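So that you can tell them apart, the chains are marked A, B and C in the order they are listed, and the count of residues begins at 1 in each.
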Amino acid sequence: MASVSIRNLDLAFGNVEVIQNLNLEIEEGEFLVLLGSSGCGKSTLLNCIAGLLDLSDGQIFINDKNVTWQEPKDRGIGMVFQSYALYPQMTVEGNLSFGLKNAGLPAAEIQRRVTQASEILQIGPLLKRKPSQLSGGQRQRVAIGRALVRDVDVFLFDEPLSNLDAKLRAELRVELKRLHQRLENNTMIYVTHDQIEAMTLADRIAIMQSGVIQQLADPHTIYTKPVNKYVAGFVGSPSINFLEGEVKAGKKPRFVSEGIEIDLQRYEFKGTPTNGGATFGVRPEHIRVGEKPGAGHFQSKVIVDVVEPMGSDTLVWTRLGGEDFRFRVDGQSNLTSGEEVAISFDPAASSLFDARTELRL
Amino acid sequence: MLTGKAQDGVMTTQERPNQLFRNISAKIAALPMIATALVVFLGGTLWTIFYSFTNSKLLPRLKFVGLDQYERLWTTNRWLISIENLLIYGVLSLIFSLVIGFVLAALLDQKIRFENTFRTILLYPFALSFVVTGLVWQWVLNPDFGIQKVLRDMGWTSLEFDPLYNPEIVIYGILIAGLWQGTGLIMCLMLAGLRGIDEDIWKAARVDGIPMWKTYLFIIIPMMRGVFITTLVIIASGIVRIYDLVVAQTSGGPGIASEVPAKYVYDAMFTKQNLAQGFAGSTMMLLSVLIILIPWAYLEFGGRKRV
Amino acid sequence: MSETVLAPVSAGIDGPSGPKPKRRFSRRNIFVYGTLIIVALYYLLPLYVMIVTSLKGMPEIRLGNIFSPPMEITFEPWVKAWAKACTGLNCDGLSRGFWNSVVITVPSVILSIAIASVNGYALANWRFKGADVFFTILIFGAFIPYQVMIYPIVIILREIGLYGKLPGLVLVHTIFGMPILTLLFRNYFTSIPEELFKAARVDGAGFWGIYFKIMLPMSLPIFVVAMILQITGIWNDFLFGVIYTKPDTYPMTVQLNNIVNSVQGVKEYNVNMAATILTGLVPLIVYFVSGKLFVRGIAAGAVKG
C-alpha cells in the first residue's frame, strides 16, 4: 500500500515551471531521500506534499486519502525544517505542545505525548528552556520532537542537518536512522543535497534535477548503475572520472579515446552496442595501482600530477585520454608527483553514457 | 468534495477549489488596505482630477469647463509665485540637504567619540513639527530682537538680515528653517548607507594609497547610488508638500511673497470657496510628484524582475 | 582610517616598541571635532533661544537680545501659555489643544498600528493574488501629495457623519499612516524566517493563531518603532488637524499656530516660546527616550516626508 502517492504534479510560479508532471509512489515505512543540488525542486516538492504550496496541477494522496487541497494540519504529516523553526518565545515544552493544543487535545494526552517524545529524543531535561538556550543539536532534536508528538504516519524532513557542523551532523544522522528503525511503520521523506546523508539513510533515493526525478532507486543501484551522466557525476565523492570518446561496436566492443582503448567485453550493455560518441565513467576507488590486472581489465601507465593526502586515503591526480583523471589509494601511499605508475580497472564496474542523450548505454 | 477516500483501489481526483475562498481570513484582514488603496488613494485622486475640469465653487458640481481652471491657474500671479518659490526652495533644499547630510554623515563615520551625542543633537529638530520649527525660526529671525538685532548691537549697525520681512529673500528664511529641521534625517540615511559599505573597500583603498577624499568621491559615493536616489525621492516628495512650515513661519507673507502650491490649494478649497481651482492646483502637484516618482520606480523596480 | 595608520612603516621599525602613541590633537581630529561641535551648536541654538526666551519677562525681552540668558527667571509665561493664552474667544490656553492631541493621538496610534500590522502580516506571509497590486497603489499613496485626496475625504467623512469630529481625524490618520506602516510591518515579517510560519501551519495554527501566538510575540521591537513613528507623526500633524476638526477640537499644533500668529493684541514672545516648547515636548521626550529606535523608525518612515 502506497503511503504517499503523487500523480502528475505540476507546479509553476508565474511562467517558471518548477516541477513538471512528476509522479512518485512512496511505500509505507519507507525512507525516501530527495537528493539534488539547490534549485532542483526537491524542497518545493516537499512543501507541496506538506500542503504549504498550492499545486498548479496534479493530485497528492496520503494514506489513500486525497489531500491535494487540504490544510497542512489535516494531512497527517509532521515536518522538520533546516532552520529548526522553533518558536523562539515558547519553551521547548511549548514548542512540542503547540500543535496539539491547536488540535484541541486534552491536557493529559498532550502531557503523555510530550513526555514520550522527550524520552525518545532525550530532551527531557530541556523542556523548560527556551530555544535560544539550546545548542544546534538540541534544537534540531526538539524540532524532530515537534513532528514526533503529532503522532503522524508521514514525516517530512527539509534538510534537517544542513545547519549543523560536521561532527553533530554525523551524530544526528545515526540517530535519525535509529529513529526510523524504531518507528518502522512511519514513512519518511527526506530532502537533502548531501549525498552521504542520502546514501546512509535512504531505502530509496530520488535524484532530482530541474524539477524532474532523474533516477529513483536504492542507494546501491544509484551508485553503481547511474541512469545518466548527471546522476553519475552528482553521486560519489571524489566524483567519477569521465572520459570522452566513442564506442566501436562489433564482436569485441571497445571504447576509444585519445590514445587509449578500453575493452568493453566485460561491460553490461543495456541493449546491443552501436557505434557512436560516448562518455566513459569510472569511479576513483575502482582503480587499482600496481596490481596485476585481471582478464579483460583495462591497464595503462600514467604520470602522477598532484597528490592530495586526505588521511584515511590519498587522491592522486593524473591524465588519461586527454582528461584529468583521479584515483584513490590508501593513506599510507608514498606516490610523488612526476612518478610513473601502472593502473588498471574492471570495465564491468564502470558506466557508459551516450554522448548526445547522456543516458546509460 | 473533501472526501477523496479510496474505493476499490480507485482514488478520485479533486478539482481545484474556488480560489476566492482560499486564505479567506487573509483576504478579509486585508480589506482595510484594499479599501484605502482603491477608494481613498486611487478613487480620491481620480475624483480630484476629474473635478478639476469643472467650475465647482463652494460645492463640487459637474459643470465642465475643460481646461479653464488650469488656464486660470497659470495666469494667476499667486500660483506663479508659489511655483517659483517651490523651485527655489526645492533645488536649494535638495542640494544643501544632500551635501550637508553627506558631509555630516562622513564626519560621524570617522569612528569618533561621542558619536551618539552628536547624532542626537543633529537629529532632534526632526522630531519637532514644522509648526514648531517655523515658529522658532520666526523668532530667531525676528529683525527687532533676533539675529539682526544681535549683530547690529555687536557693531554692524547698517547690517540687514531680515529674511522674513523682505519679499526678495523670504524663501531663503524658510529654507534655513527647513534645512535645520530636515538635514538630520538625511544625515541618518547617509550614515546608514556608509555603514552598509564593506569595510574591506576602505582597507583596499588604503592599501592602494588612495587619499580619503578621493575614496569618498570616486568609490564610496558611486557605491551609495541607491541610497542617494532613495534620499532624493524622499526629499523631493516632501518638498512638494511643504505647507505647515510656511503657514507657521510667514503665513505666506510678506504679502504673497512666500506662498507655496500646497498653501494655494488649501486656501482655494477652504477659504476662497473655489474648489476647482484647488483641484487643478493639486493635480499639478500630483503631476510634479509623478515626474519624480515614475523614473525612480522604473529604475528601482522595472530593471529587475519582481517575484 | 586615521592618518597614524598611514604613517610610513620605517618609522615604526626604528622606534621603540609598545603601544602606538595616541595623537589626540592631530589636524584631522581638530577638523572633524571642530566642525561637528560648531554644527552641533548651530543645531542647539534654536532650542536654547526658545528656552531662555520663555523664561524672561517681556520688558527684558524688549531690552536685551534673544541669546542672552534671563537675568530674572520667571515661569509666568509657561503658566499663561498652558492655561490662559487665547485663541479666538477661548482663553483656556494650550491645555485644551494638548488634551485634544492626546485624544486624537492615542486611538490613532493604536488603530493605525493594529490595522497596518495585520496588513503587513497578510502581505508577507499569506500572499494572495492581487495583493501586490493593492500594495503598490498603497505605496504610491505615500508619495502622492495629500492635497489631491483631501477633498474626497471631506466628502466621505461628511457622508458617514464624522466630518469635524475627532473619530473622523482618527480615521484620516489611520488611512495616511497605512502605507508606511504596512511597508514597515511587511518588511519586518518578511525578515522572519518563513519556515517558522510553515511550522506553525503544520502545527495547525490559522491566520489569527499565527499572528497572535507566533508573530506578535516576536515583533515587539517593530511595534515600538511603529509607535514612535506614529506618536511623533500624528502629534506633529497640522494639515489634517486644521482641515478635519473644528476650533473646539483643534490639535495642539493648530492651536499653537493660532496663538502665536494671531494678529490681535500685543505679541508676547515669552508666552509664544513657552507654548512652542510645550507643543514640541511630547515628540522631544519620545525622541530622547527612544534613542536608536527612533532612528530606525525614521529611516523606515522617511517616505512619510
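In this section, contacts are C-beta pairs under 8 Å (C-beta built on N, C-alpha and C of every residue); 3 or more make two chains touch, one makes a residue touch a chain.
The structure displayed is predicted, hence computed values, not measured ones.
Novice: What chains touch chain A and also chain B?
Specialist: Expected: C.
Novice: Just grab the chain with the largest centre-to-centre distance to chain C, centres being mean Cα coordinates.
Specialist: A
Novice: What pair of chains is linked by the most C-beta contacts?
Specialist: Looking at every pair of chains, the most contacts join B-C.
Novice: Using mean C-alpha positions as chain centres, tell me how far chain A is from chain C in Å, no decimals.
Specialist: So the centre of chain A lies 54 Å away from the centre of chain C.
Novice: Nearest whole angstrom, what separates the Cα centre of chain B from the Cα centre of chain C?
Specialist: The mean C-alpha positions of chain B and chain C differ by 15 Å.
Novice: What are the residue numbers in chain B that touch two or more other chains?
Specialist: 22
Novice: Help me check something: in the complex, which residues belonging to chain A touch chain C?
Specialist: Those residues of chain A that touch chain C are 47, 50-52, 71-73, 77-79, 81-89, 98-99, 102-103, 146, 150, 158.
Novice: For the complex, give me every residue of chain C touching chain A.
Specialist: Answer in residue numbers: 193, 195-196, 198-205, 209, 213-214, 217-218.
Novice: Within the complex, which stretch of chain C touches chain B?
Specialist: Those in contact with chain B are residues 1-2, 5-6, 28, 32-33, 35-36, 39-40, 42-47, 49-50, 53, 61-62, 65-67, 115, 118-119, 121-123, 126, 128-129, 131-132, 134-135, 137-138, 140-141, 143-153, 155-156, 175, 178, 182, 206-208, 232, 235-239, 243, 253-254, 256-257, 260-261, 269, 272-273, 276, 279-280, 283-284, 286-288, 291, 294-295, 298-299, 302-303, 305.
Novice: Please give the residue numbers of chain B that touch chain C in the complex, ascending.
Specialist: Per the touch definition, chain B meets chain C at residues 19, 22-23, 25-27, 29-30, 32-34, 36-45, 47-49, 51, 60, 104, 107-108, 110-112, 116, 118-132, 135-140, 142, 145-146, 149-150, 153, 180, 184-185, 188-189, 192, 202, 206, 212, 233-234, 237-238, 240-241, 243-244, 247-248, 251, 262, 265-266, 269-270, 275, 278-279, 281-283, 285-286, 289, 293, 306.
Novice: Which part of chain A faces chain B closely enough to touch in the complex?
Specialist: Spelled out, the residues of chain A in touch with chain B are 5, 7, 13-14, 54, 59, 61, 64-70.
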